[in-house]
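One structure is given below, represented as structure tokens, and several questions about it will come after.
So that you can tell them apart, the chains are marked A, B, C and D in the order they are listed, and the count of residues begins at 1 in each.
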Amino acid sequence: MDAKEIIARRVAKEFKDGDVVNLGIGLPTLVPNYIDEDVEIILHSENGFTGIGPAPEADQIDPNLVNAGGMPVTIIPGGVFFDSAMSFTIIRGGHLDATVLGALQVDEEGNLANWMIPGKLVPGMGGAMDLVGGAKKVIVAMTHTAKGDLKILKKCTLPLTGAKKVSKIITEMGVMEVTPEGLVLTEYNPEYTLEQIKEATEADLIIPENIREMC
Amino acid sequence: MDAKEIIARRVAKEFKDGDVVNLGIGLPTLVPNYIDEDVEIILHSENGFTGIGPAPEADQIDPNLVNAGGMPVTIIPGGVFFDSAMSFTIIRGGHLDATVLGALQVDEEGNLANWMIPGKLVPGMGGAMDLVGGAKKVIVAMTHTAKGDLKILKKCTLPLTGAKKVSKIITEMGVMEVTPEGLVLTEYNPEYTLEQIKEATEADLIIPENIREMC
Amino acid sequence: MKKLVSIEEAISKIEDGMTIMIGGFLACGSPNKMIDALLQKGVKDLTIIGNDTGFIDRGIGKLVVSGQAKKVIVSHIGTNKETGRLMNEGKLEVVLVPQGTLAEQVRAGGAGLGGVLTPIGVGTPIAEGKDHLIIDGKTFLLEKALRADVALIFGSKVDEKGNVYYHESTRNFNPLMATAADFVIVEAEEVVKVGELDPHLIMTPGLFVKQIVKA
Amino acid sequence: MKKLVSIEEAISKIEDGMTIMIGGFLACGSPNKMIDALLQKGVKDLTIIGNDTGFIDRGIGKLVVSGQAKKVIVSHIGTNKETGRLMNEGKLEVVLVPQGTLAEQVRAGGAGLGGVLTPIGVGTPIAEGKDHLIIDGKTFLLEKALRADVALIFGSKVDEKGNVYYHESTRNFNPLMATAADFVIVEAEEVVKVGELDPHLIMTPGLFVKQIVKA
């Protein structure tokens, strides 16, 4: 399994039956492949529906039915179409159990930066600020470092997407929970030593006695 | 014709083709009977639809389809159902060309009172404050006096429904426009003398040279 | 997740002193079986948020007559004389709110917004004591968001996942209230299988609904 | 009132310097014929409000590439490199807004509300310089309502009175924008007779729509 698969498989365990979940573009979209059969989650697409189904066959593509990344998708029975106001009522109003997003930087206070690099790259926040601000649980799912650059910091240096909103960080190296005391490494991937994980993390990691292997 | 018919007939002339109109309960509901055949207006019902049609036959009553007074109605082709938020988006957002309401009191500044008599009668404002505050044109349609009590005053004494929002007052005695200079009697019913109309009105009436007979 | 439950099970969620939103407009689109169950259970000291207090023998009004409401937040009480009588006797607190403001306050509660900035009511008694904000030269009242412990709504067709379709003028406040309470119970005129409702006709996504009872 | 007009007639409403709302989400549900007509007309110095700047060859993005936009108010520009390039060269003003905030700002503009009180963006760069209101201990940003001179929306089925049905994920910002402009033009994939649309499936009441053009 490559890093992305490890991360997606672990994220999939975060959900319980009936959860309403928004998955960011990229890595998070792999998560549904790993969800237990007896757990049914409702996937929310911020451009205006719940019940995202699998990607359509090439000859079944419907130009009117795309996800928030603009890619063709399908809708499952029980899915619902709505407008952008309702879509963000769901997000901002606290009706989303979890959102899973990538990050450029995340820090030990639970701050998250993923919408711009001043002077270099400004894609915009899209729905990310709403997702980070509104979801009950904000899960950052990403590779632990980016080409050697550290991304889990003591303090984000890039403009924030949300302040103190991240609940959990899941990487190929482990699972970190944001707590009032700081970042707690609750699970680690035994392919790495704790020293390797600490070296790949600028933030201080609290290692609890009951740390588990990541599964 | 009795007073109510005179008033309703005159109010009906206020509308042009395509106008979106909300008619209050009571007298205003008589207005559609007098609208020119070549003028099609859209009747808005604040409980959640446009396109109010005629009352149903007794054996055609549908308990799910009532107007804002709770009375059974019908919907015409092209009518639309919506929720209370959309209903008041239409009203408050300036999408309603006119509202026609009754009044307990109205004054020469365009103030209107029609939702409570302290200590005596407190029905509540329902949608009236929104209608008075949101409609482009607020038409008060009522009998000129109430059992001898004057209702068109220099200054309302009852709690206001809306401040300086009334455009026009139409009674069986005449038509009064609210202007920065005060109440202008633009039309009068020749069954009454100007003196009689003035006596029935506490507010000062400006009588313009080009005053017309009410039709 | 099985959402369809007995009225007994649903009603067990409602306790003395709770704030309850109840859908409907003059009892059209009100959850009448749930209201009767509340009467039978005798739960008291309720704060009820609804469009109006209906009639003495229909809709929310029954809970006023029974003395189970200690406070009502509504736009209209004129069709239920008991509301006014109990208010005048000091036995019931009545907060009257313009209908469109009430709709937006409930919507704001569901959408995670802090309140509503409305021009409606400026210059009237309902503006007293409320914050006035001047934005680009225009004055708005700050009306706070409303939420409830439980919302009781009525749906014409509801699928087993809680997706709701409202027929004709039964919609009114129901879809707004469905977003604004911690626990939402829908009384379904008809329960249908998942997939039977056109996903464009679903006005309340099932994610908002915790329990379904049969009307 | 005949609302169905030629694209030439509709486009004649749009002048240099106007503020225009354009529906769609990454070009899904965008009025593409109207966008092409704007390109052909060469109208310039436009302020464009939309979810995103689409792609260089699809959706709103074409008007960025052509240099006709002087300002865009959007949530995302990452799929159109020209937006970033022109922004960095100082040739285009870009205001980035969280998607849910943008939706509410447009809705507020249409609903006659002064603005939006949202918790989204607090503690991030977008909060800088904006009013912060503390309501019941929680901090909200005041984001002002947005309106436009013209809204260009896309409807899947539109009847001759301008009632609009949006199919699948084409809905997004379209019904919100339809309420928030002085002049609303809908590009109809299919024009149908009045009465052909289920009045429950109409998502934008025709009263908002001034003109209809065929896609």
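By definition in this document, contacts are C-beta pairs under 8 Å (C-beta built on N, C-alpha and C of every residue); 3 or more make two chains touch, one makes a residue touch a chain.
Quick caveat, the model's predicted, so the values are computed rather than measured.
Asker: Supply the minimal count of touching-chain steps required to go from subunit A to subunit B.
Answerer: 2
Asker: Would you mind telling me which chain pair, A-C or A-D, is linked by more contacting C-beta pairs?
Answerer: Spelling it out, more C-beta pairs touch across A-D than across the other pair.
Asker: Please report how many Å separate the Cα centroid of subunit B from that of subunit D, as a whole number.
Answerer: 35
Asker: Roughly how far is subunit A from subunit D, going centre to centre by Cα mean, in whole Å?
Answerer: 29
Asker: Subunit C to subunit D: how many Å between their CA centres?
Answerer: Roughly 32 Å, centre to centre.
Asker: Any chance you could list the residues of subunit D touching two or more other chains?
Answerer: Counting only residues that touch two or more other chains, subunit D contributes 104, 107, 111-113, 118-119, 167-168, 200.
Asker: In subunit B, what residues contact two or more other chains?
Answerer: Answer for subunit B, listing residues that touch two or more other chains: 49, 75, 81-82, 85, 88, 92, 134.
Asker: Show which residues of subunit A lie in contact with subunit C when the two form their complex.
Answerer: Answer in residue numbers: 17-18, 20, 40, 42, 44, 49-51, 75, 77-82, 85-86, 88-95, 134.
Asker: Taking the touch rule as given, give the residues of subunit B at its contact with subunit C in the complex, in rising order.
Answerer: Spelled out, the residues of subunit B in touch with subunit C are 45-49, 62-66, 68-70, 75, 81-85, 87-88, 91-92, 115, 119, 121-130, 133-134, 159-164.
Asker: Can you tell me which positions in subunit C touch subunit B when the two form their complex?
Answerer: 25-29, 51-52, 74-79, 84, 87-88, 94, 96, 98-101, 103-104, 107, 118-126, 156, 166-176, 203
Asker: Across the complex, what residues on subunit D touch subunit C?
Answerer: 104, 108, 111-119, 133, 135-136, 138, 140, 142, 144, 165, 167-168, 198, 200-201
Asker: Quick check: in the complex, which residue numbers of subunit D touch subunit B?
Answerer: Subunit D residues touching subunit B: 1, 107, 109-113, 159, 161, 163, 179-180, 194-195, 199-200, 202, 205-208.
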